[in-house]
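In what comes next, chain A is part of two complexes: it sits with chain B in the first one and with chain C in the second one.
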Partner chain A sequence: MKKKISLIVLATTLMATMVTACGGNSESSSSTGAAGSGETKTLRFATWDTGDALKIEQDIAKKFEAAHPGTKVQVEAYADGFDQKLAAGFGATNPPDVMYMWDFPTYHQSLEPLDSYSSNDKELNIEDFYPGLFNYGKIDGKLYGIPAGFTTRVVYYNKKLFDEGKVPYPKDGWTWKQFQDIAAKLSDKSKKQYGFGVRAENDTYDLQSFVWSNGSSFISDDGKTIEGFMNSKETAESIQMLGDMVKNGSAVLTGGKGQQSGDDIFKAGKIAMWESGIWPLESFKTAGIDVGTVEIPAFPGKPVKGVLAESALSIAKDSKQKDLAWEFVKFYVSNDSIKMRVADLPVRVSVVNELKKDQDPLYKPYYTMLERSSNTPAFLLNPKWNEVNRQLSAAVEAVMHGENAQEVLNQAVKDSERYLK
Partner chain B sequence: MWSHFFKKVYHRFSIRSYFSIRTKLLFCFLIVTIIPLLSLGALNYYQSAIVINSQFGKYGENTVAQLDQQISSALNRMSQTTGTIYSYLLDPARGGLGDHVPTTYQEIMDKDDFEALLKSLKTDLTRGIYLITRSGYYYGENNLDVSKLNNIPAWQSITYSSKGPYWLGFYPMNHGMGDSDTEEPILGLAVRINNPAGTQHGSTILIEENAEVLLHMFHMFEEDTKAHLMITDSEGQPIYQSESPFTPNESDVVWNRTLTANGWKIEARLSSKAFYFSSSLIRYNTVLVAIVSCLLAFGLAYIFSSKFTARIRRLKDSMQKVSFGKLHTRTLVEGKDELGSLDTSFNRMVGGIQSLVEEVEQSERLKKEAELKAFHYQINPHLLFNTLNSIQWKARLQGAEDIRQMLYHLTMVLEGNLDISQELITLGRELRMIEHFLKIQEIRYGSAFSYEQTCGEELKPYLIPRMTLQPLFENIFFHGFEDGKGNISLSVQEEGEHLLLTLSDDGAGITEEKLRTLMLAKPESKPQGRGGLGVQNANQKFKLHFGQQYGLTVQSTKGEGTTIIIRWPKKEESPHGDNQDH
Partner chain C sequence: MAQTFLHQAGEPIAQLKPTRKRRWGGVVPYLFIFPWIFGFLVFTLGPLLFSLIISFFDWPIVGEVRFIGFGNYAEMFTDDPLFWTSLGVTLKFAALFVPLNIIVALGLAILLNQKTRGSAIFRTAFYIPSVISGVALAMIWSWVYSGDYGILNYFLSLIGIQGPDWLNDKQWSLVAMVVASLWGQGSMMLIFLAGLKGIPKDLYESASIDGAGKIRQFFSVTIPMITPTILFNLITSIIAAFQQLTLALLLTGGGPMKATYFYAMYMYENAFKYFKMGYSAANAWFMFLIVLSLTFIVFKSSEAWVFYEGEMKKNPQEKLKGQGRRRSL
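So, the complex of A and B:
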């Protein structure tokens, strides 16, 4: 009998405890924080790309993670804020380990020289790169970036609009005169169709191709003088040409306030010709445009010059894991990774030969232009170029809005002189 | 059917509740269980309900305060940004910033400077900072489609007379260039510039921030507290409202907050039902557990008490059976508790009674058998005596005096032997019978032996067990004497309250070995040889009638004879003739 009673008491106590437990539950609902990453090493990789290009980079990062267990690659897409964020990272000595880089004169002091890595590491096979690409990543003879991708600039043309206008397709070796005539011919204001698209806010870097082709440049070869270069007759002429085309209605302004981007207008079939790098090619194809490419037109009697837009990979001086960073850089410029990256051109000769890219008529002009890209861009010649460029950009933009090129360039030179002294 | 069942139950309890131990136990158990359980449950419920309600109330208030802080910080940040832009624009030196598309080199330089400022004011959350002029031209990133600004619900209600900041509230990102509309939720602030002297008079600063974090917080709050969240501006226009349908009620629990930044009111309403949901859940659980445990206690009590009382009832039934005479009844012993030992004792008791009754029955049966036998024997002596008398008379008539003599003595001896009505007879009678016996022996052997008897007449009325001396005499003739030759002497003496009888002969005597076995042998054991039976019987008779200290002693020497001494207390025949008790 005693046993039974104690059993019942026990049951009662148990139930009472249950009741208490029920009451207690609603009070404590704290969530436990995420567990630490353990032994995995995290490699930070900063890029300015967005959209499809970013997607490809993330895929490469995943492949690297798969090939290097215990490593996590954190792809940081800085997009528009790339320069600010990178500068902030360097300032706080907490930069990404690996980053996209083009502006070596500005950042080279925060970057790790890569000469010893590249010469000691046979796997990199440095001979396989297009030799001209390394010039962009060198400051004072030291290499700060491994070329990851590049593009030259070509003229895209919409074959359908050419056919409709009964205009033969342009061929390499054509002139700006022919270009302007075609543009005028293929413009039809009533259909809001134009022969060419002119950027409202040009990157002066890209314009160097035209300036060089006209036998001039923005700055002297020693990087010390702009007077007589930036505002030379030839420079003004090559820029005025674009402004005139907008003025006479054979070209439309693109990318400004309330204006569609040139890529979008070309995709919409509303401009016959568009000048750009390789980036939008895939999207043109996707949009169903029958697109052709041709090299930049020439000024009569003068050799056509190209400008190279190169992206390189650099390692931060403050990185705590430079060896791992180098592995990633190497992986990023390996044949497999390069093949994945369709948004720019392969940096390795072997990949180009393998894919026969230089045989493809659509791609051939990029390589022709590569051969023509021997001039040194202004930003590599003078470390203060960014300041000068402000004035130059404003002047070019004013030309696009109808100002006289010679006058505004003179003004810009006048305003910029102080930065060079 | 149910009513039938209840009737049965009612019947059962109403009839038996006054005497059934089970019912009493059941109620006892229930009370013992239910009282602490209910009081514990009630206490538990009230205390936890109080704690939870106050904590939940505080939690709600804190959360609303956090919401306030978060919104305020976003609002303040945006206000400050517009403040910065506003003061930049009020600077007369910035007069060059026109309200139309900049086309000249200087205008573009000014535009670039201003846009650099706007860019520098961007944070991670900023989705756009623009200065929209009256002409429709704007400064800022080239991703705004001014014609789509009317997609912002509150945009149209900004009038040119509006002064100061105008909060646009939350709306989806839907006024970008091309297909850059992401529909992500954003929070917008528009500030109309009022500077009649400046070129930007009437322009609007528009700043937009990603509001996903804020809205996520709202949703978290709603999910967490189940409250209905409503944010209204200073004029009472709703800025944000929870999606779930809600009807305000007087009894609602309300958490209120007014933002200092722009006078927005945050109001979180929670129906009282939802507010007390936790405590009502506890109450529900408590009641549920109480009911379940009552049922459990009832069940346990029922099972236990029925088991307990079943044992008692079984014992009671067994007792009843025994009382009806069924002595083979045994009850089942279960467990080693008190009831178990009660069962064991009962079984042992009934067993005892049963064996006792059986013994009595047995002895009764034997007694009856003995009586029947005795009756049987009593019939035969009559025939025997009659026949002997007839023979005796025949012998007298034929003149055979010796035969008649013999028959006479035999009759006398037999009479003494066969009269079993008396166990104790007088010493005189026993001695007379011995004389008849000796007469028979004398006729048989002639006067080969001598017999000497010494017994005072005053001793003859004392009692002696029947048939004790004759077997001893038989022994003398059968074992002691050869052809009846020898001397026998018998003397009876008085020794205080006792009598002392000495019987001696000069016969063959008994070997010492035989003598030992003669006396030691138990009466039950098989007699060894013929001799001894008489001695033992005689001895037993004395002991039975007078006590263990009396009896006979045998002294014998081989070849010289034997002396038997018998000692017993004096006892006279009672006047009533009642000498049958032993």
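So, the complex of A and C:
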């Protein structure tokens, strides 16, 4: 997830210029207005974004200030130190009033349940959200976060490299076998060109998409068992596949220390296919890549499954101005604000319909994948998942460096069992 | 009334009085060192003791604090493979780094000790890396080591060697880390240089009169004379090796496959990634014990190999030194 955060940052750095230009102008008058009205209330809002994505958030905050005279929104950009600073804030009972949130199992005890707010407030229009998005912010049936943006993951392909290799563009419904054949065909070591890029350090969260697609998962649905799940034949197979592609030269390891990121290599036209969320899309276009998107390949005879990356907004339990905080959250997920967020996908159906995003062939796969994102990710199923994931991540990394997936996963299960007792 | 009471108490008070006065007169020196004492108590000793206390608790930042006695320590030794992995990596690193560090720093110091023109320039040049902050240093080395674009692999390619992707290769990343760590050793070099400059010239004169060549002089005069400096540098090196964190964090992130997952990094991640403050504090105290016992062992052994001025050991070679000392007196 950390990786994801930095990806958001990277991607939006390049894409948000237009929006910030739009949002910036109207605001300069607001601060003087607020200053005139006597006592100013300060609302603290913590975000993990930086760069232009942060700029969008600051612009939304300024609009809020304009609409609510006497209020100042202090946007606190924690960037890579988000978890540390947030945890420290909670520990010192001095957290920000409103914050970005994804890791609900870790933090929900310190967050304000939002069910009563959302059901009593018609303005929110909760029916308008994609319903699947709320699953991520719910713990024990209580809602702790309101979705603000999300993305699913797709396969990007470089049309020029496909044309050069005389390979037809991939279509939804393709299989991993086809994927591997294409990758092999489009690899040319002498040109340092590869069919696919495999991350040296994978976020196991993202890999769940492949594992689910192969009919397995990292953890049982009740969150109690990993033996036979994390090390099942299907799980091992879907991870081994990536390691094998690195080994046979049809994929290159990316994003290790001192290595270029996969986004950069794709931009340089040196990999034909790349799997990611929506974050780098704009930067691919800016880099002049003729890019196509297609859904994740399938394992034969099994349905493709997707995984969601979501940014939600939460209110701290210790906040002293929860009503104001709620106003801000509501404002933040209003149609106007959501339209300003170009770095990820709109959470409201009405905005999507208005912008016709799901009609655009480039965007359509994200929504197909959204329909396929019905599985519950492991971190929501067991509060100790972070600990298990520490072993799992190490195992996955080992596979990318050539180890046998089944063996290292068996070991990871053995080393993790103690957390599940 | 109080006075009568005091008078009743009698002699002991009369005796105490002047002492107390003197003690009050002595407050001024304490005032002078107060800022330091205050800083030490509040920012060093306080946190130190606090960390000892929380090492007996399950202490997440968010959530409930729970006393678990020696639970953290037990988990460390019996139940956590990463603990052993990281400890092993650190020991391997220390075994490579400490001797190399001393040899390199001493070698540079000896070169600088030659009376040649421009030695001041070299001294500055050798010291510059120590001025660079750890983060910048890590950035520099991450470029040097880069598999595709690194200058190191470029030089290797000139002599026909295809270099590995240093930081992403589990065989080489620890070696790469040792070399990068060696680079910032200017201060140790300066301490050695000061030690070398402190050796009286006449020792070498008398040694050469006795027929000792350059190499013999080095081992029989130079080395024994700077053993106290070696002792100091050895101990600081060991401590530095066990605390190595910056480079691991920035250069490799502990990878690939935990090949550079230092103990300090393991501790850091437990505290600031997994928020297990109590467990991490227990890790820290165990590291403290390791460093403490290593230092103790080195100190104990130093009785056998460290020579302070004019000291004689049973080793016959030392006669040279002893004689030199007497003559110089």
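Heads up, the rule we're going with is that the second predicted complex is superposed on the first by the 383 of 421 C-alpha atoms of A that agree within 3 Å, B and C clash if a C-alpha of one lies under 4 Å from a C-alpha of the other, contacts with A are read in each partner's own complex, and residues count from 1 in each chain.
Please note the rule applied: a residue touches a chain if its C-beta (ideal position, glycine included) is under 8 Å from a C-beta of that chain, and two chains touch if they have at least 3 such contacts.
Values in this document were obtained by computation on a predicted structure and should not be read as measured data.
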Review point. Can A:412 be said to touch chain B (first), chain C (second), both, or neither?
Key: first
Check your understanding: Now for A:398: first (chain B), second (chain C), both, or neither, which partner does it touch?
Key -> both
**Study point:** First, second, both or neither for A:42, with chain B first and chain C second
**Key:** neither
Point to revise | Which of chain B and chain C A:253 touches, first, second, both or neither | key: second
Exercise for review: Applying the touch criterion given at the start, work out whether A:90 contacts chain B, chain C, both or neither, answering first, second, both or neither.
Suggested key: second
Check your understanding: When the two structures are overlaid on chain A, which partner does A:264 contact: first (chain B), second (chain C), both, or neither?
Key -> first
Practice item. Name the contact category of A:286: first (chain B only), second (chain C only), both, or neither. Key: neither
Practice item. Based on the superposed arrangement, let me know which partner A:107 touches: chain B (first), chain C (second), both, or neither? Key: second
Check your understanding: With both structures placed on chain A, which of the two partners, chain B or chain C, ends up touching more residues of chain A?
Key -> B
Exercise for review: Please work out whether A:390 is in contact with chain B alone, chain C alone, both, or neither, and reply first, second, both or neither.
Suggested key: both
Revision key, fill the gap. Overlap of the chain B and chain C interfaces on chain A comprises residues 201, 256-260, 390, 394, 397-398, 401, 403, 415
Exercise for review: Report the residues of chain C in contact with chain A in the complex, numbered from low to high.
Suggested key: 61-63, 79, 81-82, 142-143, 145-148, 150, 165-168, 170, 251-253, 255-258, 272-275
Revision key, fill the gap. Counting only contacts in the complex, chain B reaches chain A at residues 29, 32-33, 36-37, 40-41, 44-45, 48, 51-52, 55, 101-105, 107-109, 112, 122, 136-138, 141-142, 144-147, 177-178, 278, 281-282, 285-286, 289-290, 292-293, 296-297, 300-301, 304, 308, 337
Practice item. Name, in rising order, each residue of chain A that touches chain B in their complex. Key: 1, 4-5, 7-8, 11-12, 15-16, 18-20, 22-24, 26-27, 80-81, 201, 255-261, 264, 390-391, 393-395, 397-398, 401-403, 408, 411-412, 415
Point to revise | List of chain A residues in touch with chain C within their complex | key: 83-84, 87-88, 90-91, 106-107, 109-110, 200-201, 253, 256-260, 386-387, 390, 394, 397-398, 401, 403, 415, 418
